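Sharing a structure here in structure tokens format.
For clarity, chains are labelled A, B, C, D, E and F in written order, and residue numbers in each chain start from 1.
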Amino acid sequence: MKQIIAIIKPFKLDDVREALSNIGVQGITVTEVRGFGRQKGHTELYRGAEYVVDFLPKIKLEIVVNDNMLEQVTEAIIETANSGKIGDGKIFISNIENVIRIRTGETGPEAV
Amino acid sequence: MKLKTSLYAFILALMPSIAAAEEAAKLDSGDTAWMITACALVLFMTIPGLSLFYAGMARSKNVLSIMMQCLTITGIATILWVIGVYSIAFGNGGDLNSVWGGLSDMFMGSLTAKDANNALPLVGTIPRSVHAMFQLTFAIITPALIIGAFAERMKFGAIVAFVSAWLVLVYGPVCHWVWAEGGFLYSDGVIDFAGGTVVHINAGIAGLIACIMVGKRKGFPTTKMPPHSLVLTCIGTGMLWVGWFGFNAGSALTAGHGAGMAMFTTQIAAATATITWVGIEWIFHKKPSALGAASGAIAGLVAITPACGNVGPMGALVIGFISAICCFLGATKLKQRFGYDDSLDAFGVHGIGGTVGAVLAGIFCAPALGGIGFGTGHEGIGSQLTAQIVGIVVTYAYSGVITFILLKIIDKVIGLRVSEEEETEGLDIAVHGEQGYNL
Amino acid sequence: MKLKTSLYAFILALMPSIAAAEEAAKLDSGDTAWMITACALVLFMTIPGLSLFYAGMARSKNVLSIMMQCLTITGIATILWVIGVYSIAFGNGGDLNSVWGGLSDMFMGSLTAKDANNALPLVGTIPRSVHAMFQLTFAIITPALIIGAFAERMKFGAIVAFVSAWLVLVYGPVCHWVWAEGGFLYSDGVIDFAGGTVVHINAGIAGLIACIMVGKRKGFPTTKMPPHSLVLTCIGTGMLWVGWFGFNAGSALTAGHGAGMAMFTTQIAAATATITWVGIEWIFHKKPSALGAASGAIAGLVAITPACGNVGPMGALVIGFISAICCFLGATKLKQRFGYDDSLDAFGVHGIGGTVGAVLAGIFCAPALGGIGFGTGHEGIGSQLTAQIVGIVVTYAYSGVITFILLKIIDKVIGLRVSEEEETEGLDIAVHGEQGYNL
Amino acid sequence: MKLKTSLYAFILALMPSIAAAEEAAKLDSGDTAWMITACALVLFMTIPGLSLFYAGMARSKNVLSIMMQCLTITGIATILWVIGVYSIAFGNGGDLNSVWGGLSDMFMGSLTAKDANNALPLVGTIPRSVHAMFQLTFAIITPALIIGAFAERMKFGAIVAFVSAWLVLVYGPVCHWVWAEGGFLYSDGVIDFAGGTVVHINAGIAGLIACIMVGKRKGFPTTKMPPHSLVLTCIGTGMLWVGWFGFNAGSALTAGHGAGMAMFTTQIAAATATITWVGIEWIFHKKPSALGAASGAIAGLVAITPACGNVGPMGALVIGFISAICCFLGATKLKQRFGYDDSLDAFGVHGIGGTVGAVLAGIFCAPALGGIGFGTGHEGIGSQLTAQIVGIVVTYAYSGVITFILLKIIDKVIGLRVSEEEETEGLDIAVHGEQGYNL
Amino acid sequence: MKQIIAIIKPFKLDDVREALSNIGVQGITVTEVRGFGRQKGHTELYRGAEYVVDFLPKIKLEIVVNDNMLEQVTEAIIETANSGKIGDGKIFISNIENVIRIRTGETGPEAV
Amino acid sequence: MKQIIAIIKPFKLDDVREALSNIGVQGITVTEVRGFGRQKGHTELYRGAEYVVDFLPKIKLEIVVNDNMLEQVTEAIIETANSGKIGDGKIFISNIENVIRIRTGETGPEAV
């Protein structure tokens, strides 16, 4: 099984979720994160005190899938999260050794 | 000023203190005490009342833009009022007095001009300065109501330009028509005790035109745009409700029976509308909501505004009930039906509520229905209603058309809307360079 | 109305304006100005004051349920007041006048009934409409206080039913007993200047009974349930404090020495209780807290309420000091000791503070202790104290028993509590279909 | 009290009601109604107004510390006022009356001491209790303003000690000098209608000295310390603006022309300063900000305070304009230039705005510039300005020096600052054992 | 060493933390996340505008343990986080190559 | 490629970010988390109800780097995040199988 971590722009969340639903992804975990990357942050100015905010709001998706779904899922994300502008984000893929469904105790691929 | 002749006679009869005052044109410290307080209450409605009510319904990335706009409008309206809008509204326009007050009282010299007895000028029993200030607070909240319609996407510069021009060209004249002696709707005996046409219809229709011209928010209506903090909206609702006593009971201009009844009818209409809106949601959606309660309260307050000093407790109850139904439909169905993006329901609540109230004021002022009598020159519901509808239509037409023209011009010159990118990022950071929350 | 005979005589002596007014029953614009303002201040205490104070202490998943309940109660109380509770409280009950005001003034016809001189009715020197409105704001806040006891778990429908019935069966009668001429506690010379028994004890004991009957929140007391935003609670505290001037000084019904001293004693008691509560925390917990300061302020305000117009500055200081100690124990120890879940300390602060204040009012009204004299028919602390205790016990018993019966019935018919699942999810989403924050 | 002799004569001429009252020293219910309301408004400025304004600019880990300090100061100032500060400020100090009011009115016996006719004492046309309460609200907000300077790092115990001593040793005397008959600045004809020197300069300079002595916050100015919730700051701004009507128009002590004009000039100056600050940001930073609008509003309100009853509308406009520019520089450049950490700009806005206002009051009071005339003993701008500058310098020097000495002593005895660790963790948890938000 | 990521229901956090403490887990990192899965979200209705909130509040626990603790920890989580109702969450297990304690610079198992 | 997860104290964030920038790290994802560890939490007391808050605010950094950068990055973190006091946090290193840049579709090391 694989873990797909995708960092995307917040306003793309609904599109991505829908696309993933459509191809049969059953579970996603979403976290609000702040990203530091090529895309530049903005400047805030409070009574003369200037703050450069390097970190931009991003959404992190964690999706664990069986190996056979991997490609389909990443493609779906790339398609929907892409706005062509800097800061669109990245996808990181790593290996997951085991998955357990807490409610039933099922393990492995069928627990995904 | 809101003294319709018939109403005036009525009040005089009731209040020996005023009657006496009129004889000698004497300042009454009690009336003045109440009216100074009323000024504070009505300003409180805009800052922070309305800015909370609206800001809570916006998304968090635009919260400060709303609050900033309210503060800025407070500033602009005050300055313009002093320069000339007061004169347009309450001056004497000579030959043209039926349509505007002229520019003879620019910079408000009349406030400090002493009379033969070396006394400062009064309006009724209160200092002219207090009356001018009270009316200013109305000139502040009216454009502030409009911003709810085009929230979250309009250029700050365009708002400043629009509001400034609108105050001069729309608010000043309409106020004169309805409330200044000699104004043509005033002379027609239109009943608008505290601002159904001048404030709510006026702002509501301007908002409707503006939100259509500025266009929908990006993503509307498919993207979710839930209110970012209904807690703020509820706080704002409480403040608006309380401040509205200044608005409505203050419009009596004295501290007597008239003010007392205006306050009481205001309370009744607001309460009834709150419960009605909550009831509708409960029955049809199964979930009565805080936003529904808040919306109902404001709907009732808006609708009772033109009527509060002229109807009885039971009239207020009916007005509250009907307004909640109409505004509920306005804010939920009408908008969906026609697909415009009146973001915070400036038209859906204020336009519609104001209209409902202005019409019903013409009915429930009837003594037979517990009211205190018709406006000058009217002797039955039929003729009064006609006058009310004329008032409403004129305001819709005039405010709508001028708003349209103003926005067309501003669009050409500086553009109405922020860029897509700025809209996505949020006005707070993109336009104002700051964030609402750093928790 | 709060004019005890002896007190009344005293006030008459002090205030030529009233004395004169009584002769001719003349409206005084100054008194009216103050009382209209007082109405605004007291309504401000509930919306948004109390709703913020309470909502801040709740968990964020229930914040809107509190605000919604306060708004809804404002609506319900107003409508019921107009229909009949006003009559029960301030009408003339004929033979039964010692226990209720009857139903002869349903729909408040008396407000607009003119007298022989074609004048609208007054109460003292103010319009009857203003007096009715002022009293209505008390009828709003009293049930709103109760909801703190069963916050975060009670069914919305059950709350609506309970509050409605309670207003009719408990608030109206108790208000009549204490404040209406002819009410049996009024006749007994019980001192309750601004609502120690009618408002705070009444609400406090109802809350205690209710929270026991509704049962503890799931997880109480093992699960952590920290206040979700003491910022809101602190804002609410400020609003309550300021609004309380309307509550207490407004209860003088005139703008004179009586109101001035009531405001001053209110300030002193609130301040002393704030510092006392903070001091206790500092000494015993090492960490003086904002919630402590806020709780102290409210404790002091509650306790001075029955006494504010009858005691002197030093009496106020002592009352503030003692109330903070008692309420501190009430909110921290008593609850733990007996294990009931009075979520936001409606009983711990209002019940106990009201009781302390009602007792001490009977002591510090003594001229020897700086007070302004005893109630009608009392000439010493002993007899006055007895009257006070009778007032307290009667209220505890009556309000407690009727509350118990009402909730039993409601429990049978529709149930008192939301399901466990709804409670876990939070009332905002489960019951009202909305969320407090979408940041 | 704020009745300069010349001003007084002027007011007497204007207001028959006062003139009459003076003859018979009669209570006026209208004036009293307004002044009770003004008390509520000014207290509202501190709790919750100022506490929101300040707390929003702090970081979220210190939000409760600010609110707690405001509540505690409200408590302390009230108790000390009753015990003796009132006497120092408004008592008669006999031989030393030019510098303090003595201790003869400790515990405020004068409030309840009846005169020959068995009447309670008045101040002008209002009860002495109301005047004492009104002045107390000023004694509350002044030290509360100071805490903005050393926010987020000072020990709670040190604040309590400092504020207590400062009220007795600085506030009481300075108040006496300027506002009590016989005070040496009063006798000098210094114009300070509502507290430019007594409140704003006094607090501003104390804040400046204090923030330097307490030292910079850890990480200042390199670490980012953005305001945690400008939403709170904007709410606070609205409340302060509205409450300021009580502050300024209340300082007329009557409900007449004087109060009316004071309210109106206050509104004009606040509005102009708002727009000016926003304009400066727009031109120089391209991004007009809500914090800028809020800061401008407060700057204008501060600057008009000493002048509001003595200048005309156009004078108010100029004062608003100039104060915004000066305070903008004070809050943005001066602080950076000298590197002190006046965290929330207590000096930058209140010190500087108060100074600007006190100076300009001496200019725009000139009848030729639309003002209502000079202070006692002055007949031209030159001599009036000299008096103003004397008033300013004396306040700077006295308040600065005593503040320095007090803090030195407190530093020795208990220390001024929390530990580095506590500062990093935040005062809310470290000192008060609670958190602002548990969302 | 293994990384255990557990997605659980928020109100179970205290129980789980205690259970883990009891079996000797020394470190846990907790994140508030939103989960999309079989459990259905609620609907919110604001002035006629209906929002289906698909994402439910969840808590994500990250626990790095030495291999020998793996089973014990997952069992403890399953036991305490289980309410038998849909939405109870999942456990994902993956491999961790190295652990470093910042304060001391220790690495590997002893840094866990 | 490697994923570096670092749990640090919040007030160290700016220092760490700067240090990482300086050594050429191009992307960081930051999450606000709460940590349970050796460092003890505080106690809150509300009207007599005492809450022991075991969880402390921490910042989680996720940084994906090419293998050759691993050491440099961990060292930079250790140096700047270290305050010598308990609770400074930990670094977890694991393997990443693939990285994709959403905007361009690039994969592998060049996408990092």
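Everything that follows uses one rule, which is that a contact is a pair of C-beta atoms (placed from the backbone, for glycine too) under 8 Å apart; a residue touches a chain by one contact, two chains touch by 3 or more.
As the structure is a computational prediction, the values presented were derived from the model and not from experiment.
*Asks:* Following contacts chain by chain, what is the lowest number of steps it takes to reach chain E starting at chain D?
*Replies:* Shortest path length, in steps: 2.
*Asks:* Among A-B, A-D or B-E, which chain pair copies the contacts of C-E, with over half of them the same by residue number?
*Replies:* Residue-number overlap above half with C-E among A-B, A-D or B-E: A-B.
*Asks:* Name whichever of A-D and C-E has more C-beta pairs touching across its two chains.
*Replies:* More contacting C-beta pairs are found at A-D.
*Asks:* With chain centres taken as the means of their Cα atoms, state the distance from chain B to chain D in Å.
*Replies:* 33
*Asks:* Measuring centre to centre with CA averages, how many angstrom lie between chain E and chain F?
*Replies:* Once rounded, the distance between the two centres reads 18 Å.
*Asks:* So what's the Cα centroid distance for chain D and chain F, whole Å?
*Replies:* Once rounded, the distance between the two centres reads 47 Å.
*Asks:* Can you list the residues of chain C that touch 2 or more other chains?
*Replies:* Residues 28-31, 33-34, 37, 224, 226-227, 235, 255, 285, 287, 289, 291, 433-435, 437, 439 of chain C touch two or more partner chains.
*Asks:* For chain E, give me the residues that contact two or more of the other chains.
*Replies:* Where chain E meets two or more other chains at a single residue, that happens at 31, 44-46, 94-95.
*Asks:* Select the category (line, ring, star, complete, other) that matches the graph of chains linked by touching.
*Replies:* other
*Asks:* Touching pairs of chains, which are they?
*Replies:* Those chain pairs which touch are A-B, A-D, A-E, A-F, B-C, B-D, B-E, C-D, C-E, C-F, D-F, E-F.
*Asks:* For the complex, which residues does chain C have touching chain D?
*Replies:* Within the complex, chain C touches chain D at residues 13-17, 28-31, 33-34, 37, 41, 59-60, 226-231, 234-235, 237-239, 241-242, 245-246, 249, 254-257, 259-261, 263-264, 267-268, 270-272, 274-275, 278, 285, 287-291, 293-294, 296-297, 312-314, 317, 370, 437, 439.
*Asks:* In the complex of these two chains, what residues of chain C are touching chain F?
*Replies:* Interface residues on the chain C side: 221, 224-227, 281, 285, 287, 289, 291-292, 295, 331-333, 335-336, 345, 348.
*Asks:* Once bound in the complex, which stretches of chain A touch chain E?
*Replies:* 3, 17, 26-31, 62, 64, 94-103, 105, 111
*Asks:* Within the complex, which stretch of chain E touches chain A?
*Replies:* Chain E residues touching chain A: 2, 5-8, 31-38, 54-55, 58, 60, 74, 77-78, 81-95.
*Asks:* Please output the residues of chain C touching chain E within their complex, sorted ascending.
*Replies:* 219, 223-224, 424-425, 429-430, 433-435
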